[in-house]
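Structure record follows, encoded as structure tokens.
Each chain carries a letter (A, B, C and D) given by its place in the written order, and its residues are counted from 1.
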């Protein structure tokens, strides 16, 4: 079953390269996504067996992340139907194909039970997301791709070294890098090597996860990629990286080194919050702003895990909330870009008036991103704060509150500027460099009439609204009510980390 | 309880319906009106039923209701005890009045905004405020509180094409949301102590003094921002002029009171604080009261003026609360009960008359199209209803006898005097401080409203262009009349409300009210009202005498005596700024009172100019610099994201080295 | 019953006589014979028979104000013990009501002044309101001190023997209170050196300028109200100082009569020996009064004369 | 046999020094290829006593992939580039050399600090791998040409592989192969991206890649 889950998207991805016709490719994409999520949800009922003599297996953590990935991917693939209008056939082939590869590699990350395999999966996700980020080959996007590639590869190299250290640490007992074996023998690992490995692994996976100060690739990549891709990056990819951090955490918990592990994570988390505050305040590019808010939320996750106890449950819950929130927020930015052809905050005005639906979505985005009820992020962030208070980490709690408040100030300032007031009447014309997403840039010529805005408003197609709506609804529901099955799963998962 | 649930149900469904029908304004408005009336009716029933219960079970009788919804920390657990009921009472009254008024106000609104959505939001605000008042679980409380902030933000920025309005809304959102973090921190500390987020459990658990001091400070900041204590009041004077008048009525009548409610709720949960906490509260209250009214004196924008008066009245409320807490700390039940009762009653009264004032100010602005008092004058003839209602409001807010403000301020004074009698030196000193502050507040408030009413409604009209002032219609007049009637009712027959206030106060003090004390409080009030009735009789006699004496003179009318000036013009009247100048000059050192004058020169003088202004200290000298520093700091650090891949790689290396050194030296 | 009647009689009949005797005193110092002692009564009666002129600018407020203020002042008088006679109404905390009734009286007159829309009356109103609200604090503070000394919150208990023991205990405090109260009294009743009731140069006046437009009955009411207010303050001052009472009603009344005359003469002396202060000095005067009573408090707290 | 192994290790380190020292891209790539090739042989010497097919396989793949294909590919990637030397590096060649000398010393020190759980056939293996890693970082940080950064990355990877030799037996074949494949694909992708850079910017100086910042 797992193998099917792995190789089916891979195969389809291969098939897509030779498949003619965008429609059929889109259908293929959606079909795959549907099947994938169907399988994943069957796993909630029937637990899949380990395969490849224990290389692949699915525990609560993996299942959690996997389902998030799968749902978000499904939504994004729906969104893509309305997103691509007219771009070159080849580009489309490549895009869809690598999208599917990306999916399968993310699946690999979530199901792998072996550290080596885990890292292979992560590196694979990196490589397969390169063509997606570099979809429109402008200078900025190439630069972003290059940075993304270099920094992530280096990070993963360090993580690889870390796994080797882990193997060395377990040389005379665990004898291998299988997660389960390590968990059993965790107590006998030789400490210095183990600690070194943890440090390397954390830095490596932290780089991929976008924790400051390894974050610099993140804002560039997210802002330059096409919006659906940014949604996938910050909704799925970062969580996969987070999963690898959690795996390290599992071992540390088993080895009784939680203190060591959590101190590092809390440090990184606080730094990320600080960095997010610095760059969100007075940010001119709204996609960059949301990217930095991803950094912030990764920081929150790290802090939650570091605090332990209720914090682990909280941050696992926050994984879900944040993934969907970020997903729909970036999709909304896609809509915005379609309508305004600019990522500059200063050139987007009066959204709420000109495009009511997008405006409301953006508003929901503001509230959800900054953890305002009734959105689920509120509960999860509150739980993490609770963990901090419960554990008497008053300094952490204080900094957490302070930075969240400052970040809210920044985000609210920007988004309120965008949604309120009267709409700008003349559409904004720019030099082609300023809008990397050429596929969307192609609308400009039609829009350069005073009524361009109205016209684009009509173009706000259902396929670009429904997925966003769906995601928003999920986050909303999670704010009111956590269904028991999810609760059990979260309990089980946090149990793995000693929560 | 069932009544409350019914009214909540009505509000929820109708708000949804309104949202659905928001395209057709007619339907949505009708729907809004009737659902509001029904819901508020049921709500008042529920509040009344709790307050009227004459059970000897003790003060802490509360009716509960719980929905089995699982959330990690929170659950949907609500209940009404007298304290909540008391606030529900004023909430429903004011939102009823404000809602009906708003219905009339928006009837001929022809702007770009969608009225239906606005009305739905109004319902939503009522719902969440009710939830805040009845929540018995900290997380539910926080969520409702946060929602309250957000929804009210959208109501305030109804006309957000205006830059001013956007700025005001932004300040409001920021201020209150920052406050929320303090509250979250506080409640979580409580929860961690109690092991549960339910208020009942928290009330059971004892808190060590140090912790309770921390909690008090957090609560003071968190709730104080909402309630508008100086120096956290910055959002108030911006938000009120920006918002539509009925929204400001709701804001200043109910929303900021909910801050007070929160403070009281914390006092219910954490019973005893170290003595300096209530003393600090008293001092802050004195500062807010005096400062608020002084700033109000310096304002010439009618709604700004009213906003600062809200700050002043919050100060008065907190004076009562503070002396009550001090009495509680000294175990002087008389002082405690009196003070808290006074605070509660003044909360109610202020809600009523401030609502009245804002609504009437709204209809003034609506007919004059300006909020600047310097362009008004002589409106009493043109807007008789509005004028007289405003007069009643200002008489009440000046706490003059016959009106409700007097009753509550009398109680506050009484409690402070009791404090002077029953406490030791330390207590006496602060009671005296309170007395002085309150006396000063009373005098200044009278001065300020003499100015406001006189300049707006009396004398000649100052505005250059002739307006067609049209008086507001019944839907706007009705609510104002309702509020005015309540003002007079409480002023002349205070027993009922005082009784309710006692009920609520017992929840705070935790001791049931001894009957003797109740009598000792009630009797003077009754006697005072009797004196007032004597006064009325005397007035009638005088009036009759006057009528009798003037029976065979025909009254002849002339111009006002211009003291020898041949052509007195309306511009020669005393303006608002000149009226307030003497007192402001006396306090100029604290107010940064400044007068810029361009004097006319030469034989054929060109036009001169004279304008006076006061500076809001905490805004100008604290918050603006603070935000400036924050922004500057973040701009200073932008170099981190330099764009060089090599540098980024260096970061990774550095972190690696640091961690290795830190962890494995 | 007859006691009650006596109280009301004194309250209603006596006040203008104070004005008269002040006038006499000043005339004596000026070396004139001056108007007869009962001149104020004549004035009031004369005004009552005259018709009134009203400005077209004004509303009903202008006409109602004199009556309201007089009613307020008189009903404040109902709380005040006169000549050792218990007032008709007394209750704990009536001193608050007392002050607020006087405030009401002032408030309506200020509104009436603004109602005329005249620049001068506006000026007067502004000054009156300003000094009024400053003096109110001191009045409250003094009353609080007296309440603290006599352990009660009602005027009648304070002034009917509540203070008799305090002179022996904390005499200096009472002296301070009396001084500051006297200063406040001058301000409240707009006497020299704060304000000059005789001159009619608008710019220098405070109270008089407010009532420039009133005429006929209304002016009569205002004059009478002024007299009653002065009477009330005088009563307080006198009964602060003269705490000695024989329990015989009539003797006390006679005593009181002479005390009040003495008070009037004192005012007259002050008025004829002092010059009018500059307006911006008035606030200093009020401030010093405030300081006096605060100082009194400190003495009390140090002496530990509080419960 | 340890002598051989040590010789190989020392040789790799020295080659690494050469790479660090040289500024001509061509030579760098060639030396890199040579180094990888020698590294590929290292396992054969290390596990000379108990040779297994699987080890031979791994080392063969390494020799082919890293020794021959990757260098060729890198040459292909820079085929259009006119200016073939990394002028104006952020850190000059001399400094880099000095630093790498320090790095070598440091890594020997570090390796002596932590003791390896089981007996290793050569005690300079770990230090040399560390020093290769650090050299890789030096290149990554110090050079501005995109291609030289790729080379730096590869040197880093070589260092890691050197370490991995120790664990060759513990690692399942699947994982080893996966890692190698990943590396190979990574180099491919890098090459492609470098091509894009060439097309867009007309040369591959990463100094131009600094437009995205705050």
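Everything below uses one rule, namely that a contact is a pair of C-beta atoms (placed from the backbone, for glycine too) under 8 Å apart; a residue touches a chain by one contact, two chains touch by 3 or more.
All values derive from a computational prediction rather than experimental measurement.
The minimal number of chain-to-chain contact steps leading from chain A to chain D is 1. Using mean Cα coordinates as chain centres, the one most removed from chain B is D.
When the interfaces B-C and A-B are ranked by C-beta pairs in contact, the top one is B-C. If you average the Cα atoms of chain C and of chain D, the two centres end up 101 Å apart.
Centroids of chain B and chain C (each the mean of its C-alpha atoms) stand 36 Å apart. Our note on geometry: chain A versus chain C, Cα centroid distance of 78 Å, whole angstroms. The geometric centre of chain A is 44 Å away from that of chain B, both derived from CA atoms. The set of chain D residues touching two or more other chains comprises 140, 149, 206, 209-212, 214. Taken residue by residue, chain B touches two or more other chains at 638, 641, 645, 649, whereas all remaining positions touch fewer. The residues of chain A that reach two or more other chains are 146-147, 150, 154, 192, 196, 219, 279, listed in rising order. On chain A, the positions that touch chain B within their shared complex are 146-147, 150-151, 154-155, 158, 192, 195-196, 199-200, 202-203, 207, 213-214, 216-217, 219, 260, 264, 275, 277-279, 281-282, 310, 313-314, 317, 353, 367, 372-374, 378-379, 382-383, 385-386, 389-390, 397-398, 401-402, 404-406, 408-409, 412-413, 416-417, 420-422, 480-482, 484, 487. Per the touch definition, chain B reaches chain D in the complex via residues 638, 641-646, 649-650, 653.
On the chain A side of its complex with chain D, the touching residues are 52, 55, 114, 116-117, 119-120, 123-124, 127, 130, 134, 137-140, 142-147, 149-150, 153-154, 157, 160-161, 164, 167-169, 171-172, 175-177, 190, 192-193, 196, 219-220, 223-224, 279, 283, 288. Listed in rising order, the residues of chain D touching chain B in the complex are 90, 137, 140-142, 144, 149, 206-207, 209-214. Interface residues of chain B, counted against chain C in their complex, comprise 377-378, 380-381, 391, 395, 398-402, 406, 410, 413-414, 417, 420-422, 425, 428-429, 432, 435-436, 439-440, 442-444, 446-447, 450-451, 453-455, 458-460, 520, 523-524, 527-528, 530-532, 534-536, 538-539, 542-543, 545-546, 549-550, 553-563, 568, 570, 572-574, 578-583, 585-586.
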